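Read from first to last, the chains carry the letters A, B, C, D, E and F; within each, the first residue is number 1.
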Amino acid sequence: MSLQSDHRIGKHAMLLLLSEDECNMPDCWKSCKGKVGTMDSQKIIAAIETAAKNNGIVDGDIYRETHALYHAIIEALHGITRGQLSIGSVLRTVGLRFSIVRGNPYEKQQEGEWIAVALYGTIGAPIKGLEHETMGLGINHI
Amino acid sequence: MSLQSDHRIGKHAMLLLLSEDECNMPDCWKSCKGKVGTMDSQKIIAAIETAAKNNGIVDGDIYRETHALYHAIIEALHGITRGQLSIGSVLRTVGLRFSIVRGNPYEKQQEGEWIAVALYGTIGAPIKGLEHETMGLGINHI
Amino acid sequence: MSLQSDHRIGKHAMLLLLSEDECNMPDCWKSCKGKVGTMDSQKIIAAIETAAKNNGIVDGDIYRETHALYHAIIEALHGITRGQLSIGSVLRTVGLRFSIVRGNPYEKQQEGEWIAVALYGTIGAPIKGLEHETMGLGINHI
Amino acid sequence: MSLQSDHRIGKHAMLLLLSEDECNMPDCWKSCKGKVGTMDSQKIIAAIETAAKNNGIVDGDIYRETHALYHAIIEALHGITRGQLSIGSVLRTVGLRFSIVRGNPYEKQQEGEWIAVALYGTIGAPIKGLEHETMGLGINHI
Amino acid sequence: MSLQSDHRIGKHAMLLLLSEDECNMPDCWKSCKGKVGTMDSQKIIAAIETAAKNNGIVDGDIYRETHALYHAIIEALHGITRGQLSIGSVLRTVGLRFSIVRGNPYEKQQEGEWIAVALYGTIGAPIKGLEHETMGLGINHI
Amino acid sequence: MSLQSDHRIGKHAMLLLLSEDECNMPDCWKSCKGKVGTMDSQKIIAAIETAAKNNGIVDGDIYRETHALYHAIIEALHGITRGQLSIGSVLRTVGLRFSIVRGNPYEKQQEGEWIAVALYGTIGAPIKGLEHETMGLGINHI
């Protein structure tokens, strides 16, 4: 039932963003990357959902897949925003890269597939350079 | 005023936790790592503060250094807990590794030193294996 | 001082929304129902406040009545949104029916009147069908 | 893909708690009820998880089932606590009845099974009678 | 309906804590002061509730009075804790003085009585001197 | 290391707003006052940041100063909004006066400069008079 050491889906999602090395993800896993810069939380969510659908990581016609992804995104946004999901309404802006990974992180077959959303970039005042780094990770069963 | 590409303090803190490669952090920066498993948020905070003091990353006699570190830890915990800082009181437990990095991420000398706290590990029910990964990053000026 | 079993104001408010049976509310109590579909939290609040005033449940000229109702609405919205009051800004939409009940739930006369706001409907992506149910209840002295 | 009108899993869960009428839930659905009075959030979570396992609603050996249930419980607790998950630590206590329902609320077969957790009871000062009603509902795919 | 300039109940409550001058509060108003140092949120709430009852500011036998006071206290605690009501569980401690004022802040007679709770003191690490000031104000109709 | 009794930076900031007496702030400290009425959180933040820069309290070209001020403002807004930073999106409006003070509140020279942001005014429905008082204080090292 435990997490397999080379199947850590969250770690794979984060290294996709942070590392330049080739990533040795399990073969059958699906993943994609993208970027978004905005003051609107909903644009981050929309960008990630669109990338996930366009890359065949979730099936947009099945609500349970969209629902799983949505909650993973919201959890990742908590790491980015640290207390309130608001961005522009508290006068800050983000420049983010994101990755999405879908796979089976657990040994036991019944645990099935899970999804990880990782976000990394900068957050700060809407003035170039007045910003620091920020990171978030959300994980859900799918 | 912008972040120097090889001086990204948050990225360095996260790669200290996630990557096995040698980390090429700027020479003058200070850093340390540790681990903590607990159901109590305050034990995570205490473990990180103790490590930071024992490794000379902050001066425990100067409140402004402790204050900067404290808020960086709380921000990192938001990524770990995603909505409420509570751990045991909502019947979950964490097994975390942490890193702390102190250095100058900005080109401009007046920007001075900043501190990054990164956390990575698992969160879940207090039963071995019923857990998934979690990550948090907090950054503050010091 | 305890809640009278047939004077449970919150239960009456919820059954007004959920049940098709005639509701046997105490005679002197006031109540009304309405519906609202929106991505904006403030439109939910405005719809409920307007219904409460138009149906004589609160007196819009007396701030303490508006204040009591406002906080009951906000508490009900916590059940609907589960963590952040935001709706559209985290890319979701709601279709809600609401009820408002004003009456005396306690035996003791000094406890006076209280107000209950119940909300029930769906929340989800702004695409028909990608949604699940949601419920909220707020109660305040008036 | 839309919710079937007689398959509203959240409404069924709430009527199990609120209504004395026989409930005409779909045959193949699973459900149970219980009660818990406490000042500790974790005891509510533990009571619901134990009831779900003992009544065969979730399989305690499969983490994805526990994970789905856990997040449904936390979402229901947001409706109960309205802003902070804390109970005793903000000097209040709850007396709750709960219901858990597992079934397929959507027409489309691929939407699979979902779980609903409903909570209803009183919250207030730790003195008998100084309390008002409270309700919460959490829904998740399983 | 507007706030009377010399009847600002929140300002009176705060000046009771901050100013050494004699306070010229309206004659018929009731007020008291106290202090509490603790790592437990519930002890702050209990100290304020006890002071309010012992000084005849609220009637502890009437739930609507206790309820009004409770929510005013919780609102004041938001200013003190700035994001999470937790104190000791995030490894911090407070030393607070508090004031409670009950009176009629509005010109219109129907607006009746309101209650203000003001808190002022220090918050910080559980080590003497590692702390900064903190303030909170909560207001409710009673 | 402790707070000097006549150097309480938060108290000075609040008395600037609340008291008509001349304020005997330490000579070398910097301070300013302003006002803002709005339904948008970001306008409050912008008004305070602009006043701080225009009055030479922070140097807008140095991010660490802007960062310190930003977090002090956000902390003060928690006292104003008591649970959610939203204002207009939950159908309320504020009329606030603010003060900003920069100085050295601690005896020890190494503690350096800190910044306090105090807010005081009214919050309520977007109808004149349907409002009550609100207060917030945020403090940070700079």
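Keep this in mind: a contact is a pair of C-beta atoms (placed from the backbone, for glycine too) under 8 Å apart; a residue touches a chain by one contact, two chains touch by 3 or more.
The model shown is predicted, which means the values in this text are computed figures rather than measured ones.
S.K.: Quick check for you: after a Cα superposition of chain A on chain F, what is the rotation angle, between 0 and 180°, in steps of 5?
M.R.: 120
S.K.: Of all the other chains, whose mean CA position lies farthest from chain C?
M.R.: Result for max centroid distance from chain C is chain B.
S.K.: If contact pairs are compared by residue number, which of C-D, A-F or A-D agrees with C-F in over half of them?
M.R.: A-F
S.K.: Looking at where chain B touches chain E, is over half of the residue numbers used by both copies, so same, or under half, so different?
M.R.: Different, since most residue numbers here occur in only one copy.
S.K.: Taking the mean of the CA coordinates per chain, how far is chain B from chain D in Å?
M.R.: Comparing mean C-alpha positions, chain D is 35 Å from chain B.
S.K.: Taking the mean of the CA coordinates per chain, how far is chain A from chain E in Å?
M.R.: About 42 Å, centre to centre.
S.K.: Using CA atom averages as chain centres, what separation in Å is found between chain E and chain F?
M.R.: That gives a centre separation of 20 Å.
S.K.: In chain D, which residues are in touch with two or more of the other chains?
M.R.: 1, 63, 67, 83-84, 86, 89, 114, 129-132
S.K.: Can you list the residues on chain B that touch chain D in the complex?
M.R.: Contact set of chain B toward chain D: 84, 86, 88-92, 124-125, 129-132.
S.K.: Using the touch definition from the top, list the residues of chain D that touch chain A in their complex.
M.R.: 1, 61-64, 67-68, 71, 106, 108, 110-112, 114, 140-141
S.K.: Using the touch definition up top, name the residues of chain D that touch chain B in the complex.
M.R.: 40-42, 45-46, 49, 63, 66-67, 70, 74, 77, 84-86, 89
S.K.: Help me check something: in the complex, which residues belonging to chain D touch chain C?
M.R.: Interface residues on chain D, with respect to chain C: 1-3, 8-11, 14-15, 18-19, 21, 75, 78-79, 81-83, 105, 114, 116, 118, 120, 122, 128-139.
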